[in-house]
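A quick write-up on the structure given underneath.
Note that the chains are named A, B, C and D in the order they appear, and that numbering of residues resets to 1 at the start of each chain.
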Amino acid sequence: MNPVNYLYLAGLLFTIGATGVLIRRNAIVVFMCVELMLNACNLAFVTFSRLHGNLDGQVFAFFTMVVAAAEVVVGLAIIVSLFRTRHSASVDDASLMKL
Amino acid sequence: MEKLIALLIAAPLLGAAVLLVGGRRLDRVGHWIGTLLSTASFVFGLLLFADLLGRNAEHRTLTQHLWSWIPVEGFQADVTLRLDQLSMTFVLLITGVGSLIHLYSVGYMEHDERRRRFFGYLNLFLAAMLLLVLADNYLLLYVGWEGVGLASYLLIGFWQHKPSAATAAKKAFLVNRVGDMGLSIAIMLMFTTFGSFAFGPVFGHVGDASQGKLTAIGLMLLLAACGKSAQVPLQSWLGDAMEGPTPVSALIHAATMVTAGVYLIVRSAAVFNAAPDAQLAVTVVGAVTLLFGAIVGCAKDDIKKALAGSTMSQIGYMVLAAGLGPIGYVFAIMHLVTHGFFKAGLFLGAGSVMHGMNDEVDMRKYGGLRKYMPVTFVTFGLGYLAIIGFPGLSGFFSKDKIIEAAFAKGGTEGWILGGAALLGAAITAFYMTRVMLMTFFGEERWKNRPTRSPGAPSAEPAAEHRGEHAEPHPHESPKVMTIPMIVLAVGSVLGGGFFSIGDRFLHWLEPVTGHSEGHSPVSAGEVTAATMVCLVIGVAIAWAQYGRKPVPAVAPRGSLLTRAARRDLLQDDFNHVVLVRGGEHLTRSLVYLDHSLVDGVVNGTAAGFGGLSGRLRRFQNGFARSYAVSMFGGAALLVAATLLMRAV
Amino acid sequence: MSTPAVHSLWTTAADRIPQIGAPKIEYGQLSPTLIIIGAALVGVLVEAFIPRRSRYYAQVFVSVVALCAAFAAVVGLAADGYGTTKAHIAAMGAIAVDGPSLFLQGVILLAGLVGLFTFAERRLDPAAHGNRVDSFAAQAASVPGSEGEQAAVKAGFTTTEVFPLLLFAVAGMLVFTSANDLLTLFVALEVFSLPLYLLCALARRKRLMSQEAAVKYFLLGAFASAFTLFGIALLYGYAGSVSYGRIAQVVDGSVTDVSPALAGTMGNDALLLVGGALLVMGLLFKVGAVPFHMWTPDVYQGAPTPVTGFMAAATKVAAFGALLRLLYVVLPGLRWDWRPVMWAVAIVTMLGGAIVAITQTDIKRLLAYSSIAHAGFILAGVVATSKNGVSSVLFYLAGYSFVTIGAFAVVTLVRDAGGEATHLSKWAGLGRRSPLVAAVFAVFLLAFAGIPLTSGFAGKFAVFKAAAAGGAVPLVVIGVISSAIAAFFYIRVIVLMFFSEPKPEGPTVAVPSPLTTLAIGIGVAVTLVLGVAPQYFLDLASQAGVFVR
Amino acid sequence: MSFPLLTATAALPAVGAVATAAVPAARRTAAKWLALLVSLGTLALAITVLVRFDPGGARYQLTESHSWISDFGVRYELGVDGIGVALIALTAVLIPFIVLAGWHDADPLETGSRRWRPTQGFFALILAVEAMVLISFEATDVFLFYIFFEAMLIPMYFLIGGFGDRAHAQGEQAASTQRSYAAVKFLLYNLVGGLIMLAAVIGLYVVAGNFSLQQIAEARANGSLHMATSTERWLFLGFFFAFAVKAPLWPLHTWLPNAMQESTAPVAVLITAVVDKVGTFAMLRFCLGLFPGASRWATPVILVLALISIVYGALLAVGQRDIKRLVAYASISHFGFIIMGIFAMTSQGQSGATLYMVNHGISTAALMLVAGFLISRRGSRLIADYGGVQKVAPVLAGTFLIGGLATLSLPGLAPFVSEFLVLVGTFTRYPVIGIIATFGIVLAALYTLVLYQRTMTGPVKPEVSAMPDLKVRELLVVGPLIVLLIFLGVYPKPVTNIVNPAVRHTMSDVQKKDPKPEVEAAK
């Protein structure tokens, strides 16, 4: 089947992820949505890699995974410490600084 | 010999500098220094006069180039002095009368602790006045012109702690400034027309200049003259100027400074001769003023103000004469000189009277003074006879000639002007007689009453030093004051005759001003006769009113005209309402506008940005997700814009 | 998926295998980056093996040495002419060694060094239980206010991990400026972002705000990098390659070997445009351009001030470096598409930053908004699309970064019971109490405001000059207007410091150790030197103004 | 190469500023003396410049030229023409008097922290301003000029905001708020002007590629540089706006009254007599020099604005209740004259304008400083709080009067010469404007004499009854200024001699000839 469909899927996933970031309150969930966006990107990479018949895209996908993993480490560390301080993982609670 | 010209000015200038900078240590000798230096100047004057007489008429113009003053591309102003018959006449008048009045002041200001400064100012005035008449170009003349203005400002306001004096001084300066404006515009016009404003080039090229330009110059000069010589419509300051010490009124506001306008017009004869319209204007101003001043003079009870009115009117005669062109120039100057004598004499007399009367100026509180101060009476009387033009005395000759010349103008103008002059003569006779009678004759209204009744205008505060408010003890003034009066009296008696016999004055001045005998529709004899008639009528009416019946000590309400005349024919009120009030409103509203509008715009912009900022920062609401929204939106915009760019 | 396709895929893969050769890496030319990464790793080991007491000294030593060495390496490379004549692409096309990268690497390293000094400052906070403390949490893991934290403080713990983190961030930035393919770019982006996220969370005082800042920065950063990544994906899809050179060729159509697939994607400009836009957006986020700026004030305010200073300076440098390279090397063929857009961004950024700053009441937020406005000014230079534009931006960045670090260093000095007194009202009358500090800060503010004889003016002039020469006159005019607006709030602070009466309970100015003093001193020196005699550095920048393709 | 005289002239006060600032807190008297000496030294150097300058020589003399920021096409180029020399002399002459007059203005009221050294700062700032002003009079490189034109603002700003009159009516707190308002207003106004000029400066670079007056002029002459009319006009406007703010020209004037009102008299003098002159000077040198076409194009509008300034300023002066504000508005009126003279584009007008800058500097200094002495005695700026001063302090009153007479440009005092030249110069080309402008002289008389009457004459107010007369220091300040006023009024030739050639050059810059007098035109 036409690989372009995978692109549509990637776009869809990306949008879902972005929307999630915008609407979900829980930091963890927000973060997962970001991961979803990254995966959407990976899908796009692999698809294009297939399309162009070279491996750059696939290689990129692997790198993305690694980076995502690192991001998770850092991100969770921060979010958890925030949670422990505030006893809530809500992004909206953290709004001391404004204006 | 030319070198002496500068000394004429230098001497009094030096005096002014020494006296004003010298400080208190000169207090004791100051007045003598001043008198000495002005006399020195007079002596130089005499020497130069002798020198001029030694030359023949054509070579009586000496010039002394001192230094190049303002050398700018295409604009040359030099400090060059020019001594010819005209300026010589003035030099003698100024320094002569000036020195006499210095002498007089020594006695008059004796009790004033700021006498040194007074003499400093007097010397400053002499210097400026001499510069005025000796200048060889209009710009330098302008310097003297404003210099005398300054001196008169300082001297009118000499008793600065009196608000009335300070105000009068300011008023005088401001009104004069309006005139000065005219002078400076005239100079600018000359520069654009002739490329120069030195007498020589200007008069030389009058022929090449356009009629309009010349008329404009003439009118502007006339405006200047009006300011300085207190001619309608700029006459309002002269009456108030009487706030100054009497010697000042005598020297500056009677004998010399106020005649500067006449000098200016006569000096600019060449221009005026070429601009008949301007000349007409001059004559009109003169005629109007001579009547205006005379009428005002009739209504005043303040002796000095009455004399001021008369000064105004006499100068009106001179201006009228000057406006008549070559027929009149000489007589204008001649009347100017004789007037210098008798008016100065009259003022000094008035001063002497006040001196003896605790500085009372209200004539209704005088009366019968002739036996208490005989010298004053005699000198004053002679001056009186001179001014009303009593046959044989100086006024008679000079004024008569002017009236004659006025008729000689010919046509209806001639009749109108001549008529005005005649009428003026009558009124003059009236008000001067009135002054005479109220002061020296009649019952002694000052008896059994402390002078300085609350309402009466308080003049010279020398009284405060003597601290007298009780009934005055009229007494003759000291020699130092009477001698000058006597000298001036002699001058006012003989001057006219001396000048007129064999037309001495005419021949003396003719080379500068030129002269033409107008053929008058009425003969000289008829004019004289008419004048005499007017004179008699005037005196008679005055006698009827103030001689026969006693003078009321408090001024009666009087007719509408009288009341108007007391208020200087309401011209001052007009100024007050229109200029002063109007100006105040204008400035106040401008101040408001400057703050609210011009400044408001600026502050408004600042405030506007502040408000905008306050509104914008609300977007920074602290919620990470709304930040994400803005990023998302931004990204969308970015993408859309990029695509759009490609689309278009 | 149909079988032949799979087969072909296998075969192609099979064909490729033997052709893979050992990659050729020019270690010498990558030495700056390598040194820093190495030092960072050493730092990690130090954390693991050196006793707590001496870790601080060891870390500071390692970092200082590393940064100096790396800087020396950069200078060496530049001296060898790698910035100009020998500029080329190294590491199999992954890294560009050329003028801009070397120049910016130098700036970043110096900024890192100066930043390090402020990191290492231990005199400002009153010593807790007899041991000196820096501005970082005793133990990041412990809950604020918990007894765990007190215990940590009592035990004299300090988070010496900040030094390796700093080094990692620096390393990432070094690569970021010189990345020559999208993969390297992305990895570098993350490598320098992640440590910064962490650093933000490590404040000793006001830890809630610190953590909040970290969370916001992290989430938004991740969000942004997701967009970036998607953009990269699309670009890759368009060009079939991630290397700058190749993409550039494809974009301007100078590519020779066009496979049918490539022909197909090349036809689809949407891929290119959308991909480019998203990628640029990711970078604009890092430089803090409106409307991607909103993290800036919060993060700047919440993060530990030394981190803020370092971040504000170095991140901008790195991000602009990458942005320049992207726009000048990859997308020059697209100039007519992105220039108008960048115009718009520059304008809103200049005006937005300046206007919102007017009403700020916290000095750190104020500086944050001013940094936004400055991003706008720099963008004005970016859109010049000329060699002058590049060099002017380089110069501006050099000047700006030191002013920023210096300014934030001064902020760390003004303290009261609650730590740094960042509320403006507390700064009233500072000029009376300690004229010197106030004067120094005034110098920095004037530099921000672009008053002549300061680096700010020289930089601004250079940038606007390039923009005007590039035909962006309206941009210059707006820039001028917004710097007038900006002047207003810088002046406000000066007025506050000098012309208003000091408050009795006002803050005190701590006497810093030589470290911070040095940082501030360098800041002032650079500000004045670049203001009065900028020629040498302008030459440097203009020599460095050429990208290698 | 010869001794860099111009650099030295500007460098000495700069160094002096640093040195003064470095004087320890306790030794404030030392700081004062140091500042005075430095300013006198600068005066000596300025006089050397005056002597070394040859009116008949090249347009720019004592030139120095070094490469500075070649990237921006900027050179460190100094050089003076007659106009520059005159203004340098003016600056150098005035500063010692300003220092002397401000001797006690910065003595600290309360002993703040031991590091707070207002006195040192005050005098250091004054010297710094002097240095920058001198450089901007000497610079023949637009960019160099611009840099100091802008940098000047900072020390001025601190002088205005940091030091005010003692014993302010509403108390120190209110005073300091008003001060900082005035200071901020001053700075923002001028900064906005400067930044708009910056845009124009950049534009100029884009067009011309360098900033050197001579080079640009040459390029113009040999046609290698051509400015499109519209470009030239925009650039001109950019420059002119900045100078009009500085000068100040209506309606950009509102910062001046605030600034002069709030700052101490010496600083007020520094603003209006020295710093503002840079604006008018720059119009003459840069607006006319760089953009002759645009200058001719803008002339009518500018003349009208100048005319408004003259009348408006005078009228507002009449309406003021605050002595310093009054002087400020008077200055606005006078700046109107200066600008009018510059843009009348006649030799008389421009010579007059230059002369006017010098004379206005001296006369305002005289008037304002005496006013300052008066205010320092009574502790109030309100005219209504005075009366009859001449009775208790005749010398003060006398000097005040002379200052006032100079302000109303009485013949015999310096300002008359320049004012008349400006009027004539304008009149020859624009009679109507010239005539309206002459109303200014009446209004000038009005506000000056009203001020004098209200403060000095009349019955003695009890508050002033114990007022001491001028002290020796104060006489040392006023006396020489008055002497200068009289001397330049009677014998302005020394100044006109050095100014005339420069004006000739400017006239040829704008390719204008003086209109011929009617008589010659007829022939």
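Keep this in mind: contacts are C-beta pairs under 8 Å (C-beta built on N, C-alpha and C of every residue); 3 or more make two chains touch, one makes a residue touch a chain.
Chain-to-protein mapping (UniProt): A = NADH-quinone oxidoreductase subunit K; B = NADH-quinone oxidoreductase subunit L; C = NADH-quinone oxidoreductase subunit N; D = NADH-quinone oxidoreductase subunit M.
Quantities reported herein were computed from a predicted structural model and do not represent experimental measurements.
For the interfaces B-C and B-D, the C-beta contact count is higher for B-D. A simple rule picks the central chain: find each chain's mean C-alpha point, then take the one closest to the mean of all protein C-alpha atoms, which gives D. Centroid distances from chain A, each centroid being the mean of CA atoms, peak for B. Centres computed as Cα averages put chain B at a distance of 81 Å from chain C.
Averaged Cα coordinates give chain B a centre that lies 37 Å from the centre of chain D. Measuring from the averaged C-alpha position of chain A to that of chain D gives a distance of 65 Å. Computed centre separation for the pair chain A/chain C is 24 angstrom, with centres defined by C-alpha atoms. Residue positions 215-216, 219, 223, 227, 297-298, 488 of chain C each touch two or more of the other chains. In chain D, the positions touching at least two other chains are 188. Chain A has residues 18, 21, 30, 91, 94-98 in contact with two or more other chains. According to the touch criterion at the top of this document, the contacting chain pairs are A-B, A-C, B-C, B-D, C-D. Within the complex formed with chain A, the residues of chain C that make contact are 1, 9, 12-13, 16, 140-141, 143-144, 182-183, 186-187, 190, 194, 197-198, 201, 207-209, 211-216, 218-219, 222-223, 226-227, 229-230, 232-234, 236-237, 240-242, 259, 261-262, 264-265, 297-298, 301-302, 365. Only residues 606, 609-610, 612-614, 616-617, 619-620, 622, 624, 626-628, 630-631, 633-635, 637-639, 641-643, 645-646 of chain B touch chain C when the two sit together in their complex. The touching residues of chain B, counted against chain D in their complex, run 20, 67-75, 79, 139, 142-143, 145-147, 150, 153, 157, 160-163, 165-167, 170, 173-174, 177-178, 180-181, 184-185, 187-189, 191-196, 205, 208-210, 213, 583, 586-588, 590-591, 594, 598-599, 602, 606. Remark: chain A residues 18, 21-23, 25, 30, 91-92, 94-99 touch chain B in the complex. Residues 215-216, 219-220, 223-224, 227, 269-270, 273-274, 276-278, 280-281, 285, 290-292, 294-295, 297-298, 336-338, 340-341, 344-345, 352, 355-360, 485, 488 of chain C are the ones that touch chain B when the two sit in their complex.
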